[in-house]
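Each chain gets a letter, A, B, C, D and E, in the order it is written, and its residues are counted from 1.
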Amino acid sequence: MMKRLIIILALAAIALGFFPLAMRISGDSGLTALATHYVEAGADELGAANLVTSVVVSYRGLDTLGEVMVLFTATTGVTALLGAGKSKSHKKEKESERDGDGRREGSELLATGAAFLFPILVLFGIYIFLNGHLTPGGGFQGGVVLASAFLLLLFSDCRLELNHALLKGAEAISGAAYVAVGLLGLWLAGGFLDPRFLPAGEFGQLFSAGAIPIIYILIGIKVGSELTGIVDAMRRCS
Amino acid sequence: MNEIMTKAWYTLISLFVITNYGLLLGGTMARVRAKVQGRIGQPVWQPYIDILKNNFKRTGIYHGVMFYLGPVFRLAGGLGTYLFIPAVYGSLVFSNFSFSGDLLLVMYFIFFGQLGMALGAGQSGHPYSPLGVSRGLAQMTAFEVPFALSVIAIAAQYQTLSITEIVAAQQGGILNWVAFTNPLAMVAGMISFLGMSMGNPFSVVIAPQEIPIGPPTEMQSSFLGMLQTNRAIFNGAKLVLFMNLYFGGATNIWIMVIKTFLIYLYTVIVDASFPRFRTDQSIRFFLGTPALIGIAAVVLQML
Amino acid sequence: MVSPLYLIAMLLGAAFLHPLIQNRSKLAGQLVVLVVLGATVAIPLQWLMALDIATMQTVVFQTAGFTAPLSINLQVGVEESLFLVIINGGALFSALYFFRRRTREWEGSVQILLMTLVLGVNGLVLGRDLFNLFVFMEISSLSLYALVATTKTANSYEAGIKLMVAGGIASALFLIGVVFLYRMTGTLNLDDMIANKQLLDNKAGITALFLITASLLIELKPFPANGWGADVYQAADPGVSALTSGTSATAIFFVLYKITPLFGFELLQVVAASGGITFIFSQLLAYKQDSVRRMLGYSSIGQIGLLILVVALGSLYGEAFTTTMFGGIFLLVLLLGGNHLFSKAGLFWMSGITGQHSLGTMRQSKTVRLGPVGAALQGILTSALAGFPPFPAFWAKWIVITALLAFGSYWWASIILIGSLIEAAYLFKWFLNAVKSPVDPGTVHDEVIPEDFPEEPVKEPMAGASPAGIVARIARQSSGGWIAPFMATAVLVACGMLLATMFILRGRISGYRDMVLLLPLAVLVLWTVFDVIRVPFKLQIGLAIICSAGYGLVFLPGLDGIRLVFGLIFIAGSAVQMVPLLNRRGHHRGLAGMLLALVFSLGNLLFASSALEFFFSWELMTITSFFLVVRGRQASGAALRYLVFSLGGAFSILAGLFFGSSPLAALLLGIGFLVKMGTLGLHIWLPGAYAETDDDMSTFFSSVTSKAGLFMLFLLAGLFVQEAIPAGFAAGTRLESLLSGIAFTDLLGWLGVVTAFAGAFLALFKEDIKYTLAYSSMGQVGYMLLSFALMSQLGWMNSLYLAVTHLMFKGMLFVAISGVVYRTKTRLMYQMGGLITRMPITFFTVLIGIIAVSGVPPLTGFGAKWMLYTALIEKGWYLQAALAMFASGIAFLYLFRLIHVIFLGQLKDEHRTVTEAPIWMLIPQVVGIAGIMLYSMYPSLLLKPLEAAVAPFFETTISWDGYTVLSTLGYWNGTAVMYVTMGVFLVPLLWLLIVQRKNTQKVGQFNIVYAAERPYRPETTHFGYNFFAPYEKALGFLHKPLATRFWYRVVSVAEVAGSMVRKLYTGNIQTYALWIVIYTSILLSILQRGM
Amino acid sequence: MTHIVLALGFLLVCIGFWGLMTRKEVFRLIISFSLLDTGVHVIMVGIGYVRTGTAPIFDEALAVAGAVGKVVDPVPSALVLTAIVIGLAVTALMLSFAIRLHASRGSLAVDDMKELKW
Amino acid sequence: MSQLMLVLFGLLMLVGAVAALYLKDTVSAILAAGSVSLVASLVYLLLGAPDVAMTEAAIGSALTTVVFLFSWARIQHRPQPSKNPQSEESDSNPDDQEDHQL
């Protein structure tokens, strides 16, 4: 009880500390200088309708690259932690399950549904990251949708072995390609990750905004394969 | 060259006097002691007989180099101690080699003989010799403390460490003696003198000799003779030193004889009337009251 | 200039593609990692070449074709480049370390994670965009999280979760802070934000800044919110710990460093306090640790705390730091950070390679842990971490303390020094545990006396002597794993040498004399090379002797006065005392070099022209002598004490150097020098260090090294004349009149005489001969101190006279005794006896030695006594004189015992075949005897030069009459005394030899008193044990180890504090989280209260 | 509006902290953690909010000219996007640690995680 | 209007959050936490951040929940440690021994 009291006190102290922060901010003070610049000039500079995308992919492209890296690191860690056991013990477990009563497949309905939904989800995912520069959404969201497509497959059949080589390959190649696009920006345009080495195209069209769609495609593939990897490493037949 | 010859003669005379005086004093005191204890005692010249007898023994047995050299060290220590003290104030003959060093030299030269003897005894291989040495040295360090304090008080009083000058400062009447100008120093010094002469109550040092072992047993013939000679000289030297320090020194040899006799008598009387301390008791004793008296003497000089 | 974006792109690409490469070929995968990491070191080096270092030039790189603040930018400057070089260098060595582990499936991921980690930290260092920093922080954190699990133990998972929770909280705080900062300043760019700093100058702004700062601090594991950190260090693979403490923490620290320009006064104070508290408490905690890795972990936490403290203080006291030393705060941070990175990583690797887990079990297992190479590496790394010269931390420590004291920030300075001391204590404790030989219990501080008659002396089992053991050791030492710590060591050594050259020379190479201060380092390097190419030991020592002689010939003639006297003691004395080492057989790696370096650093004390140069030599002396003490068979406990006390003294000196000539300076410097001299109260290191050192090297410590403190006292004598109690203390009270007028010299005088007494008294009761001599040396140094404190011509002359003669007779005694110990294989005196017949020359040496030491005329010792008492009485220090006399009487006791118990009495059966000491040990003895005899015969030969040496300081009070020296009180004619003594000695001798020649006869010792029968065992007739029993009975209460007890009390206070603080770390993840919250909330409320 | 959102965010953060410090099971800690994360994200988005603003996506309804004042700040949105993904990464890694811990210790109770201390 | 909705959503989120902490059944707790994210994405929509809303919905509520469920399933599947609590540690001991030999 004492401890809870201390916790409450400490949290209250922190909340009290936050108070001046919150009081400082209001929704009426308008945009910051930086945001104003983005809003005013962002569309011209990059030709992407979705400003958030401009910021994410281009202005703060290094962040996004780092973010991909974070995900990659996490995937590496997760597969190292969980996949490591798989190579020996996990396989054994699987065999024993196959022999024993653990042999439970996903329900018939789920299997059929998955087979039906899989291509649709994949297409949807691709749509999301292709249109990232025009509408809400982008590489990450699309990647998640892609991953969920695979997730569905995994749900439907727990013995399904994904093609790890392909997954890894896609992950590695798309990552490297992202870096390569960044370097192209450095060589052909203003700087690293500058998408403007491709023509800006017509504002609001699919093929516009320079290399932003390409970057989002690569991110989508990369994120999709990474998340699939994580989920795959974590799953167990249940 | 002539000077050196003269000095050599003087030295011989001085040594001759002190040796004979020491031997006779020893003989006399042995008799006094016997009388006190109700015995007849030995003749006064017994020490001469002992020394001659020992020196004419046919064989002298020794155990090794240090054993051999022990008596030599001892006698050299006695001779040296005496020779660094001016025995009679104003006398050229008895000024000895006091020009080579002051009181400090004498104080430290006393160790020379002690060390040599201790080493010689050590090589005898008998456990009792080092036992005696251990006791003797331990006690020595203890009685040195009041003595040192007393000497420092005197040196502070007269601002000199030269024995000759200390004696000179005490001339001109009995009241100029340190014994009266600085009684505390005198008391401390004279108590430590009791320890130095190793009579009762501080005689546990020579206890191992009383059963038939220890240096007088181990050392015999000419070695023992040397030791006995030394005892006479060394005794004389110490008496002279204390006389010089506390009792105005002597302007001629007779005064010296009287004064040293009285000092010696004092130790013998104490010796005869006290039982014996254990070594640790005597150490504590010397570091107690006498040391405090000595400190008082020194502090008086500082004020 | 290579764009930093290539660096990042390269790392990214390599990490992404690594799985594919790894699939094809493992070797290729490893090569890629090595090449990429190598490039991460090479690229910053290229920047350094391109940048203008003098102006700390920076170049900004934009991304995405827009300029900041629109886009993210990276900044490459001198600071960034230097930090990247060290951080990436550490990571590169880590990669080498990981390659050692040929473990299966982890290999690929470890390599990837290593690269992602490096990417993260590079981004952290280069990035100038706050949110971008967050992303990079997450990259490096996640890599670390995953790496922690490499040991795959439950503990590592537990630690990983704790780490992630803490890291998660930190990230949350960071995010909130960043977004509020963005809202308030309208930018995420750091430079923009610094330009608009005034926008943040309100409660909300500071709070937002604080959130970021708190997040960084939490990542850097502040006390008390750092339990998870220690857990991680304990559980993770040492390689990962090395990355955590070195690479990652250093980079995050750099972020903190980057954002400090944003901080206001209050925030800086809070940060400084947090850093300082973390530093001191971590050291306390580490001291209490039994787990090596946890200990190292706390040490890392503490070091980072120190860095934080330094940066915050540097910003607070800007001017003080920038003006005191070139480069200012950045140089400091670089030195401290780089030093910590490499040394700590190296130590972590060492602990991993050797599998050292727990200090406790190391103590139990009786195996040699480290071979010579390992010991050397660990020794260097430990010294570097503890801040010994020439390693970077030494210079950093110097700058920090200088600046802090210049600014008057005494508390911080003392906290840093105390913390460093504790750190050195436990680091070296570990070092000793790791290298010590199996016979060393590590607790020997005093003589060890067996219960009764001992069994046969135990022969030291040859460690790893069995073929299997040898093979195993070679395999262990040649395996690739050593590369990483070796590289770290190499980097540290190289940097250290470079810095030493930089700082010491400071561009003023005007001749070879300026190089003299660097000689010890050169010697260490050269002799290490000798060891590597297996130059025979005797040749090494021979060269060392020649070199010291050469040093003396080249450099000493330029000196005069007191310096020359000490120069002769340090150099000539050492050269002579090296001779016994020629007696050794086999290889003794590092011994000759260390010894020569010690001699040279001692000599260099003479040439130091600035405080820094002096302190450099002083510390060099400390560390080299420590490594020499360590070599003793059972010396590790004693060595540790020696080190801690020496270092404590050195720190006291360091502090004292900056108080000008105030009483405080005198106090601090005095304490430092007195520690070295081993005066009473500060002496408890002394007996062990002198005695437990190898027998043939004790003599250096006793007769040479102990004089260093004395020399410095002489050099700074002016300081000690002043009154000890500053004016105005207790003004107006009676206390003032009582205390005023007490000068330091009065205190020193009493201290000296009490030391002299205590040394003699303690020596009295020792059965172990080397302890006897050690305490004897302590007593002798007490006399020197007393004489010095007299501040009179005669006093100083005596002090120097003692220094010179003590060198001769104590050196002689130690060498002679080492010969005895060498032959008899025991150090306990009562186990010897009767050796005079077997070792006559040694006996003679000892005889001369003890006569000289005890001050019995006619040998040199008396001169010292004469001058001492004369000077004391002249000065009016009567009571001191009396106590000194008592002490010298007691000295006589133990000296007699020494010679008697060893050489006289009964010869033991097992010593009947003992032969005279080897020739190499006799040579210095003969030299010593010759010296003593010469000076005894003609004291004026020594006295007159000494008189000249002190002539500039005092009015003369002595005069000469032929060979007689006259003082105001008395006189002394050493020559005459010698002649008289010879005369009175020769007469009886000749009497015996000539007159009584025929009738003397030598018989065996049992012949008389035992009537030619032999007692059962010679031991029973040899009175040697507890020789001065009556003294013990009478005054034994005086030799209670009060000082030892006092210092143990001090240590136990530290330990109790450590164990109390330890209780904070319950191991409960929620408690840890709570601590984080409490830490944040407390700092926050302090901060807001301060507004 | 902004203040409500900020308060909501802070409350979520506090609930997250509360769970982190009181729930006795590692799995719940991770859940608390993701709540805390959500709270942080809410705060961030709340800060980017501008009264009467719409999404910063230009289309027929929103022309580039005069968009200032009509749109919310795109920067926090971009930041949150990144933060969410990072949060997922951390959560996934935490979960895998939890799985391994459970596999080796057999327990996820916080009180059983006391091997390492002092 | 939107403020009202915001408050409503906010309350929903808080309730969900508390439920996620205090529901006995872990799966329900996971779902509650997921629902908090889901409502959060609605809040983001209200706040004019559809990108964030989408991401939160996809990642925060969907994927995270799935990952939670998967790992919970995995933990549930093996309530007992493989053999004894120290097994994994003992597995790794060969590593450490290798250290000693090297």
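We adopt the following convention: contacts are C-beta pairs under 8 Å (C-beta built on N, C-alpha and C of every residue); 3 or more make two chains touch, one makes a residue touch a chain.
Just so it is clear, the structure is predicted and the values come from calculations on it, not from any experiment.
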item: Shortest chain-hopping distance from chain A out to chain B; value: 2
item: Distance-to-centre winner among chains (Cα means, whole assembly as reference); value: C
item: Between C-D and A-E, the pair with more C-beta contacts; value: C-D
item: Most distant chain from chain B, judged by the mean position of its C-alpha atoms; value: A
item: Chain B and chain C, separation of their C-alpha mean positions in angstrom; value: 53
item: Between chain E and chain B, distance of the C-alpha-averaged centres to the nearest whole Å; value: 100
item: Length of the line joining the C-alpha centres of chain A and chain C, rounded to whole Å; value: 54
item: Chain A and chain D, separation of their C-alpha mean positions in angstrom; value: 16
item: Of all residues in chain B, the ones touching two or more other chains; value: none
item: Sites on chain D at which at least two other chains make contact; value: 1, 7, 17-18, 21-22, 47, 49-50, 55-57, 71, 75-77, 79, 81-82, 85-86, 88-90, 92-93, 95-100, 103-105
item: Contacts with two or more other chains, residues of chain E listed in rising order; value: 49-51, 55, 59, 63, 67, 71, 74, 82, 85-86, 88-89
item: Chain D - residues contacting chain E, complex; value: 1, 4-5, 7-8, 11-12, 15-16, 18-19, 23, 27-28, 30-32, 34-35, 38, 41-42, 45-46, 48-50, 53-57, 71-72, 76-77, 80-81, 84-85, 87-88, 91-92, 95-96, 98-100, 102-106, 108
item: Footprint of chain A on chain C - complex, ascending; value: 3, 5-6, 8-9, 12-13, 15-20, 23, 61-66, 69-72, 105-106, 109, 112-113, 116, 119, 123, 129, 131-132, 135-136, 138-139, 142-143, 145-146, 149, 152, 180, 182-188, 202-205, 207-208, 1074, 1077-1078, 1080-1082, 1084-1085, 1088
item: Residues of chain D that touch chain A when the two form their complex; value: 1-3, 6-7, 10, 14, 17-18, 21-22, 47, 49-51, 55-59, 64, 67-69, 71, 73-75, 77-79, 81-82, 85-86, 88-90, 92-93, 95-97, 99-100, 103
item: Contacting residues of chain B [partner chain C, same complex]; value: 55, 57-66, 68-69, 71-73, 75-76, 79-80, 83-84, 97, 99-105, 108-109, 111-112, 115, 118-119, 122-128, 130-131, 133-135, 137-138, 140-142, 144-145, 148-149, 152-153, 155-156, 159-162, 213, 217-218, 221-223, 226, 278-281, 283-284, 287, 294-295, 298-299, 301-302
item: Chain A to chain D touching residues, read off their complex; value: 4, 7, 11, 14-15, 18, 22, 25-28, 30-32, 34-36, 38-40, 42-44, 49-52, 54-56, 60, 63-64, 66-67, 70-71, 73-74, 77-78, 81-82, 85, 134-136, 140, 203-204, 223, 230, 233-234
